[in-house]
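Shown below is the structure under consideration.
In order of appearance the chains are A, B and C, and numbering begins at 1 in each one.
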């Protein structure tokens, strides 16, 4: 059965664990995978430029022995001639064996996946999902500690808008016994409903004002960039950007086993003097992204390579937005890991009734439905009320 | 002997038939061709973006086991430093085994082919030729009916400017017994000389005002997009664009064996509700384009793989513009097909005297000779008088 | 030990000779190298477009059996998010086995090389260095004469700004017995210190006003383009551009064995009627560039494939700017060649004291240190005083 990966939540806990285990094997012996995708073609479709992510996907395919065809900047594509995203996806998926797609609009990956004739991996759809970044993060943690559970993780920076952090927290909530230390300026705090969902999933969240204090007790310090484009006022941006800077003096508070992560690119939230610290892992983290993309491509190209617990994309995606562990799913944990109390389930807001295609107008100005006339809006019911079926925004 | 394909007319009827037969075999068993171009390199040179066509060529090469190097947007190329297209073609053809080239100027493919040291395929030169689109169309028809002759084909939309339609009609005129139903707004009718040339080639052309009527009696319904860039007046564009829309209600008039084609991208001339109609073939048509590009690349890389009836590019191209069957060429038809009365000949306007390099100024503002100082204009005599040797415009 | 090639001077005379010999073998039998880089990946990072150079590198890798991932226009990269070049280089070098990098800023290649985890080849850093062009030039000469020594080479055009000419002259100064004929408008004469350095290296330089005279006595006529972007005044540009034009009438003065070279693209400094002259070598020269890039990639991917006489990039690059032969290095000459009196040494301005990282501001407005906050300026002492450690400009 054909699978797409729009979000980490599209993977069962067993699949997620198996992917991490595969990532470990690939990292240990990359050459052993050199022929896994021989004769297969990846279409790398980037409707907005993201060089780093694109190269990582393309080289992942190359290291599996496959071939890549690449669209580095889709602004130049048929979209300018009035073609729908579904038509584009349908045609190009007719040429390739697997598609990696990046798009500036929230929900675009699902629109394309529904039309695609081959597996599609979301390489980032607006500010919505970017699952392979989270897979890179999980492998980095797992390579260090042999597990993704029972850890204290400090997340630092923009906890309000940061897609990367939200996705990582959702993933960590599927593993048991993790504790989160939230370090951010007041304006960029973790949303209350996220804290609530994490708590419900058994993850303790503590707000910590001092970076030194967080660093002193964390196993993982996860730094993030404050994005300029979030702020109208450049003065406010400058102030918030420099609120928390990790440098050698702060690292003096960290324990020996603590690691520093960052999804990159960084601006100045990690000083260059930390680069030579043996606890820095952010460059390895980027390399781990390549290994996990190899694992994911390999998984999607092989039907039956892993137990397929979920069903088509429409069904799954209709389950909701960012998801925290409260479900009842079961799975085989990776070595050393234990699932959350709810067995490592992906927990999107519950679907209270079947999705209905309704003629709603999505209030999210960056939603794909407001940009692509082929994306027929639909809504679904979550615990917090109806949401857009593509971008998961509350209606 | 080295060959280039600037237009479908550069292929003899025997070659065209053999390519279609090869396309059928590739479509049936693509994996069997996975090593045909091993060790060969395609230079994919796009002087204007055309993602779909580019990816189709590149993946065609990949599926033959060859390698691709790609220039996705040649606006950034040496042309900006004042280099002639001939110099660019000569250098890059020194790196590659075969070249696919797209260029915004009419006649540019011939300029490059004359300088190229390896076979060159025209992937579209302005509004002039785009032969692989027509090859895709022919394979789609042949896969459906087992032949490209004895069919009733309705062409709908912009029959005045539409390069795709003109090229398809010229190709169909080389097969016997085809009838054309022309459906268009009055402003976008098939040019009279085209109708005359088709008639002379034994193809009956009937103008039909009602789309329903055309659909009811056609074997093939070939829809086309009305291009916004043809019209200064947006109101006129909107009106003409919506003149003929194929939807489920129109399809109710079609017979069971009738197929719907479209070169894509579409805007709204085919409603989305036709996509699920079992008679829709436009997405398969795109895939067939990949198969025919595989067949063509394979043909050009193998000297002697097919009988080479024609001689150098200059000689052939000097024969003229869009060509309709009236010649005397002979060939081996593909199974099920019969050539036109004139034996499936390519019939460009007759060359009354040898081409002469004269210092004419081509009246076509999009002619390559008005843009590239290295393209020395020449003229040739056709039945309708002298024409530009590059863009075939009447002088 | 990992090596980078920022400049030809980074290669010992023995290595340079061995690379030329490898280029000869590749040119003779390219197919024999089809598996040398199997399983390896080249990251082709172009922070400014240069289609010709990029395609040449990429196809060189393809012809060695390797895979390429490509960034055709880095303007779209993470740099726009405030990332330093060092971070970008570090991440992407974590994906690839070798990097080819083009960048608009002087000294950018060294910044990236210092951070790179794999060998890096400079594919042009601003107006600074472009070593593979010079390697192409040397192979072209060597294929013709069986040596790069004992030749009379006329260099024509912009001898003041022309990076290509300066790099070629520096390389020729490492071979014995060469004589240079300098042909240029007064405004674009070879700088005096270059003439002095060449003389000191045993290379005789003669200024010749008449192109005919130079052509009559040269073994190699090396034409260059006068670049429009060097001149504020278009009238001056037009005049200087047309000061020396090589056409068939000038070629009538040349001897039979004389060859014509040009780094391309040309504008009109070589008339098209020279293209068919059997002494024209500029298109072969471009092809030789591909062969030398193959040789260089192969060399860098194979540790110990050649004797590694030099040490880390920092050490070497700190030695200085454009270099002329006066050193004491020894090496095994390629067949037919003899090193300069000083044994073919690379002679950058001597380093009088160890490089010091000082907080200087480089006066060169195109220096990478003025653009990238991660490039910490450092200076070194040359015979002419302190220079910028990245762009070699005198402070």
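Some notes on this structure:
As a convention for this text, a contact is a pair of C-beta atoms (placed from the backbone, for glycine too) under 8 Å apart; a residue touches a chain by one contact, two chains touch by 3 or more.
Chain by chain, the UniProt names read as follows: A, B, C = Aspartate carbamoyltransferase.
All figures in this text were calculated on a predicted structure; none of them were measured in a lab.
Between the two copies, chain A and chain C, the C-alpha superposition involves a rotation of 120 degrees in steps of 5. Annotation: the chain A:chain B pair of sequence copies touches via predominantly different residues, less than half of the used numbers being shared. Chain A and chain B, compared by their mean Cα positions, are separated by 43 Å. In chain A, the positions touching at least two other chains are 70, 72-73. Of all residues in chain B, those touching chain A in their complex are 31, 34, 49, 51-52, 55-56, 58-59, 62-63, 68, 70, 72-73, 225, 228, 264-267, 272, 283-284, 286-287, 290. Note for the complex: chain A touches chain B at residues 39, 41, 43, 67, 69-74, 76-78, 81-83, 87-88, 90-92, 94-96, 374.
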